[in-house]
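You will see subunit A twice below: alongside subunit B first, and alongside subunit C after that.
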Partner chain A sequence: MTPELPRGRTVLTGNEAAAVAAVLARAQQIACYPITPQTLIVERLAELVAGRDDVVFANLDSEHSMFGYALAAERAGSRCFTATSSQGLLYSHEQLHRASRERIPLVAVNVNRSIVAPWSLEPDLADSISQRDTGWVQLYCSSGQELLDSVLCAYRIAEEAMLPVLVCAEGFLISHTAEVVDVPSQEQVDAFLPPFRPPEDWLLDPRRPRAFSGLPEPNDYATYQHNVAEAHDRTRELLAEVAHDFAAAFGREKVASLEITGDRAAETAIVTIGTIGETARELLTDDEPPLVVRVHAYRPFPADELAAALEHVSHVCVIDRAPAFGAPGALGEDVRSCGIPATDIVCGLGGSDVTPETLRAALARSRVESPERAAVYLVGGA
Partner chain B sequence: MQEMLLTGRGGEGVVLASQILADTFARAGYWVQSFPEFKAERRGAPISAFLRWDADEPIRRRYKVRECDVLVAISASPPSARSVAMLRPGGLLLVNRETRFPHRGDYRVARVPGSQVARRNRILSAEGRPMGNVAVLGAAVRLLLPDGLDFLEEAVRARMGTLAEPNVLAAREGYRLCTTQHTIGSDTPYEPAEAPPPRPPLPPFAVSLTDSRVNHTGAWSVERPVLLEACNVCGLCALFCPEGAMRRVNGAMEIDFDYCKGCGICEAVCPVRNAIAMEEVPA
Partner chain C sequence: MAVWLDEVIQEESLLYPGHAACAGCGPAVNMRHFLGALRAATPGREVVLVIPASCWTIIAGAWPVSAFGVSVYLTPFASAAAEASGIKSALGQRGLGDAHVVVWGGDGSTNDIGFATVSAAAERNEDLIYVLNDNEAYMNTGVQKSGGTPEGAWTTTTPVAAPRKGMKKDIDRIMAAHGIPYLATLAAGSVPELKDFRAKVTRAAGLHGFRFLHALGACPPGWRYPTGQSVEIVRRAVESRYFPLLEVDAGTWRITYRPKHPLPVSEFLGTQGRFSHLSGERLALVQQHIDERWDLLERLEAATASEGVTK
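Then we have the complex of A and B:
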């Protein structure tokens, strides 16, 4: 018997919220391979769709096959869902590139987990941040509610932009944390998210065999890459549009690209991503509160919005939750690419706890050290 | 620096010829660069290779040759008008022909009966066609590096293994039989390349707009399978056929020669003796 979906104000873990969102989005095919800390998403999905003949639940032999399956199923016209973590995402790397360049509107959840070596099941963002150049739209969440909401929005974004969307949520901090999540009704979701109707020219149709991604002339190859870049550029506006529609449909605000809290006239800003953005809000009651900017949409990077938000700030401290080797951290680089001088602090690696104290220490370090070519690491329980 | 375009068809050894010639120039002390035009290569498709050489300096440019000083047509068929249009004024056109090249233009023409030399020396492709590439190189060396025949022989030996000996003979013959036409301007000009039809707009997604079934891969084949007495219609060959050209119909195997490209996989996988064989495609 298929269990009922939770409904209304209910207590769910992040993994459960992601699974519920996939069902509400009417994913027609679910491609699975387990990996901690994501496994509970697919386990819960297996329960939720058991016995339903309108959903294909496919167990694959690896993450690489899982993405391959999902891309093909999308191409054949099914809305798909998949989820992974860490090594699983890395193992899928070439499929990720293929997804964006084939313009496949797949939605996947990545439960962030740090990368071996050494082994760790704990979160940092290195797995998905290191996929930033694969052409996926990347959304980073800071709560179970935002994870559920972002999965729903992700299908709208993906299918309108014809780009894949990776919805990221830190392992354990979100995936295994049970909290209040407001689950919308199926009717509400159906009104917000129309059925998947991809363009005819793109669809795999056995009655009309055609060559897919065949060898084009070099200049045509270049044009197709440019098309992906343009689709990303258009997605900046789309993100705002979808967030606006979401708020209208569900009566709940949705962050589009950036969440900005505090006084824009503050002297200092913290720019960060993921759950650290929530923790950073505790600094808003400090004597000299910083402006807190949480990046939700990491790709496409909201450069103009960020530059506008930081216009009056004289000191910017970027918190990167992913290691940086031989160059500054990824988020730090992105911020500087907007013409904003910023100091890059790396912390929270491998699940190291990030508290308001950590962030105060980061701010202090960022004032005395401002290397241009490297990130400052805050390690050893600072 | 001098630049050369070598043209021909897949399977005629165009790319190998450009490498042997590069090696020849290098042995003579030149800086060289040889590279093919990368395409999905297959037998019979038009192929280009490029060669640059310079007596004094290493060659640093990494883009394709757009204009050339020398055009070498490895195929016995005449070079395309598009290739001839790439020749710089006063350039050299070397053709693999016995007869005079009948067109005039602002270039010198040389010719060598490369295919005949190959046939005489029994240098044949798998399909039995003469491979005139090295004989043409003999002629090229006579024109461009007259003291370089020994270097060409060394390069042929270094790169052709067991096929080296007949090819060394072919190189020498090509060198000897190369003739230059002095009568420029006596005949009809080469027809300018027909303007290619305007390209249809690029489809929005990298998916062809046309039905794949219009791509008749049967046109590629030089051999084709014939079914023989012992075929028990097990259907194994059809499973392996990469073109989906075989089917079991009413208790017999059927081959669709519009799509059979002659790869021979069906014959290779057939477990039954005397069930299937490859034969030459009738002309």
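Then we have the complex of A and C:
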């Protein structure tokens, strides 16, 4: 017997929230391959869709196959869902690139986990941040609620932009933490998210034989890529539109690209991503509180919006939760590319704690480092 | 016989003229006959070809032009069997599940990089036809050794001074061990081989579940012989028992063609530059291995026939 979906305000882990969101989004295909800490998403989904004849649950032989299966099934007309972490995302790298270039609106959840070596199951963002150039829209969450909401929005974004969307949430901190999550009803979700109706000229239809992804002339190849870039540019506005519709449909705010808290006239700003954004808000009651900017949409990067948010700030400290080798951290680089001098601090690697104290230390350190420096590491419990 | 051949030759080819295969490409002959026999067996059923990186990425034509009269989905090297599974399932959800979904994967893709995925699709008994397009090396990248490269063969990564050791992977036994509904080897040699080829495609077309067709395709640039000889070389591969024609139908092994007077394998090997360095003891060893495998197939046939193994 298929278990009932939770409804209304319920205590759920992040992984459960993601699984429930996939069902509410009426994913028709769930492609599965296990990896900690993603496993509970697919385990829960297996239970939730068991016995349903409108959903296929497919156990594959690797993440490479899992993404391949889901991309091809989307191309043949099914709305799909999949999830992975860490090594699994890296193992799929060639499929990720291809997904955006084939304009496949797949939605996947990445439960962030650090990368070997050495082995660690604990969170940092190196797995998905290192996929930033694959052409996926990337959304980073800071709570189970935001994870559920973002999966629902991700389908709207993906299918309107015809781009794949990766919804990221840190392992354990979100995936295994139980919190109160407001679960919408199926009727509400159906009103927000129409069925998957991809463009006819994109869809694989055996009755209209065509070749997909064949080898083009160089100029056609370049145009293909340019189209992806343009789709990303259009997606910035779409993110705002979908967040607006979400708030109207569910009566709850949804961050579009950036979450900005504190006083825009503050002298200092912390720019960060993921759960650290939540922690940083605890500094808002400090004597000299910083402006806190949490990046939710990492790709497309909300450059103009960020520049506007930081207009009056004189000192910017970026917190990157992914290692940076031989260059500034990824987020630090993005902030600087907006013409904003910023000191880039790397911390929280491999699940090392990032407390308000860590962030105060990061701020202090950022004031004495030259912003031209590459990444400044806070390690050893600093 | 002549009438049959006339009909086959006159049927509309679903691989169009203008495709980008080399002159004398054996796999192109296989593709034409495979698609022709499939369409003839099930005229009302659409076909979707799923093709991993291989020579066929190029043969398919310069996108958006297509050399095929059926849909073609070109995939990365390692994932074709998984992608075909996804397509089959999704088409089913759209009410189009009657279409044949066919993987056309090279020996490199099938034996090596995509093997786990092929094995998994077989283990799940996906409703697919998987054609192993075996030209016995990584040809698209310029003739490198794969798991399907035969004993003693020269390739650019097994040069004459360090030739391929050991026999090619026995993919037929490996795939049969998955307990799939149907497996057969195909060779488009002269009329008897071609009849066998098309009869097996017809058989596969009428079944459900994972069907594995292993097609030998001669490759002039990779095997090093003049382009006009592909059909004759494939015929000799069969007549010398180098490439036995067999099928495994619901677990029962059957040798589908027994050469009356088997040629020595040197009559096959000697046609190709890739084996030109083989002589004496090394050649005798290849002959021995060919004979041993044939005996093994005879035993498998006898054993499964008497036991009536079914799956």
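For the reader, a short list of remarks on this structure follows.
As a working rule, the second predicted complex is superposed on the first by the 380 of 382 C-alpha atoms of A that agree within 3 Å, B and C clash if a C-alpha of one lies under 4 Å from a C-alpha of the other, contacts with A are read in each partner's own complex, and residues count from 1 in each chain.
Here, contacts are C-beta pairs under 8 Å (C-beta built on N, C-alpha and C of every residue); 3 or more make two chains touch, one makes a residue touch a chain.
If you're wondering where the values come from, they're calculated on a predicted model, not measured in any experiment.
In this overlay on subunit A, subunit B clashes with subunit C. Of the two partner chains, subunit C is the only one touched by A:Gly68; subunit B is not. Touch criterion not met for A:Val137: it reaches neither subunit B nor subunit C. After overlaying the two complexes on the shared chain, residue contacts for A:Leu215 are found with subunit B and with subunit C alike. Contacts of A:Leu89 after superposition on the shared chain: neither subunit B nor subunit C is touched. Residue contacts after overlaying the shared chain place A:Arg103 against subunit B, while subunit C stays out of touching range. By the touch criterion stated above, A:Leu45 is placed in contact with neither subunit B nor subunit C.
Comparing subunit B with subunit C, more residues of subunit A are touched by C. In the superposition on chain A, no contact is made by A:Val111 with either subunit B or subunit C.
Using the contact criterion defined above for the overlaid structures, shared-chain residue A:Leu60 touches subunit C, although it does not reach subunit B.
Of the stretches 151-159, 187-195 or 277-285 listed for subunit C, only 187-195 runs into subunit B once the two complexes are overlaid on chain A.
Shared interface residues of subunit A, touching subunit B in one complex and subunit C in the other, are 208-216, 220. By the touch criterion stated above, subunit A contacts subunit B in their complex at residues 101-103, 162, 199, 201-202, 208-216, 220, 223-224, 227.
On the subunit B side of its complex with subunit A, the touching residues are 39-40, 202-213, 215. Per the touch definition, subunit A reaches subunit C in the complex via residues 28-29, 31, 54, 56, 58-62, 64-78, 80, 94-95, 98, 204-217, 220.
Contacts from subunit C toward subunit A in the complex involve residues 46-48, 50, 57-58, 60-76, 78-87, 89-91, 93-94, 96, 99, 116-117, 119-120, 124.
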